[in-house]
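Letters A, B, C and D mark the chains in the order given here, with residues in each chain numbered from 1 onward.
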Amino acid sequence: MPVSEYRYKRRVQFADTDLAGVVHFSWIARYLEEAEHALWRNAGLSIVPADSPVSFPRVALSIEFKAPLFFEDEFEVHVRLTGVSKRSLTYAHTITRGDTVIATGTMTAVCVSKSPAPMKAVEIPAEILARLEIHPST
Amino acid sequence: MPVSEYRYKRRVQFADTDLAGVVHFSWIARYLEEAEHALWRNAGLSIVPADSPVSFPRVALSIEFKAPLFFEDEFEVHVRLTGVSKRSLTYAHTITRGDTVIATGTMTAVCVSKSPAPMKAVEIPAEILARLEIHPST
Amino acid sequence: MPVSEYRYKRRVQFADTDLAGVVHFSWIARYLEEAEHALWRNAGLSIVPADSPVSFPRVALSIEFKAPLFFEDEFEVHVRLTGVSKRSLTYAHTITRGDTVIATGTMTAVCVSKSPAPMKAVEIPAEILARLEIHPST
Amino acid sequence: MPVSEYRYKRRVQFADTDLAGVVHFSWIARYLEEAEHALWRNAGLSIVPADSPVSFPRVALSIEFKAPLFFEDEFEVHVRLTGVSKRSLTYAHTITRGDTVIATGTMTAVCVSKSPAPMKAVEIPAEILARLEIHPST
């Protein structure tokens, strides 16, 4: 069955923090991507298999930071697929620690051919599209 | 004189890249922050002096990625202060490599008291506001 | 019962890789630390609780890299406590992916008072020492 | 003329720090590599030109951490080439902030063919060896 969402669980590591004593904002962006790749694995896919002719660079990212995350906090990234077009995928994310919303985000990735450079948008392979679908709440 | 913009120059380091052969998108977010802090230094300020009672966590981040950056590329982040309120600062950024636009972004940081946790928004100290001003093109 | 070792499991994330297509060597160093902190949690400890008067910066690190790690690889870090003195802890690590040894390492951390700066070596609190012990194979 | 050393200058960025208020030790390892690559550029080389058949993964790393580095500190990495063999290069590094020694390190990188995987040690191309030489103090 196609996959439209995933709940990715993670713990804050020491190297994710900065001198303000909280998770550095760039790590929040990485958590969104880790959740996206976990959604792909849950769909039986890898976002970059060793021999893939395509890759999926981000073209847009937007995050609102609501509350700080601390060292060793356990949290969840709920990622939903909110848009699927021939050449791109859009995700919405909510990061929570228990009942506290830490951040919300959206991210759009586009399918590009790996060579020749510069990257050129191409159609998402059918075998990938067959395993992903838009989240019903969208 | 108050500062409203800065042109920050940087070279891509090896650890900034990922297996797709380009700069990882989370590094683009870090470049925006490096430019912001360089703007502060250019205004005679540090964003977190050792004894500061406040810090400036991000509350919003938005980036559009236009073209890839590669290992050892030299690039520029042009950061402008586009919004100043009692408690927050908003920046707009353009990253370029020569004539190529790599990314554009906006970021909002809010002034918070460092203790007690959780972070609470407070007014930006007057001696900081005196050294910053909104960019005329805004 | 005191803890002397831990087997930490982890998957390689996209942001851990570099343009050579493998995990960047600095991430191997981070994996060693993640395993150390997991050992502490398994002993009922946090290496930096919010109100701790001490912290444990590294004073020595040595790694031999034997084989590359790739995106999405699942691997294990086996960390053993090989030295305990009044003021320092020494660990030995072996990273494996299945039967393949990826890297071996040693790391020494010293107990320091958090303030005033600069960091000064102090004795490890007794309640921490009570929960850790040297690995029998040492 | 062949190059045997380089003095690489750098400023600590916010994202290099951790909750202990100092530069995370994994960043010290990255600084060593940044200095190595700067030495190569100073020799008219890139360590991984786009079309290179070889790359230079690290096989050994050793660091002693002597003093903490703080946000916005300006520091220097003095890297010397201390060993050159047919297939490997060894470097020694000293990181200083003014008169304070922050860390010393050694690193060995081996020349490998980029494909097919797994990486296989090969001879360093002659045009690279012609531009590098062992530091006279070695």
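Assume a contact is a pair of C-beta atoms (placed from the backbone, for glycine too) under 8 Å apart; a residue touches a chain by one contact, two chains touch by 3 or more.
Since the structure is predicted, the reported quantities are computational estimates derived from the model, not experimental observations.
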* Asked: If you average the Cα atoms per chain, which one ends up farthest from subunit D?
  -> A
* subunit A-subunit B contact: same residues or different, taking over half shared as same? -> same
* Asked: Measuring from the mean C-alpha position of subunit A to the mean C-alpha position of subunit B, what distance in angstrom results?
  -> 23
* Calculate how many whole Å lie between the centre of subunit A and the centre of subunit C, each centre taken as the average of the chain's C-alpha atoms. => 28
* Shared-contact residues (touching 2 or more other chains) in subunit C -> 14-15, 19, 22, 26, 30, 33, 48, 71
* Would you tell me which residues of subunit A are touching subunit D in their complex? => 14-15, 17-19, 21-22, 24, 26, 71
* Using the touch definition up top, name the residues of subunit C that touch subunit A in the complex. => 13-15, 30, 33-34, 37, 41, 46-48, 50, 70-72
* Asked: Which subunit D residues qualify as touching subunit C in the complex?
  -> 19-20, 22, 25-27, 29-30, 33, 48, 55, 57-68, 114, 117-119
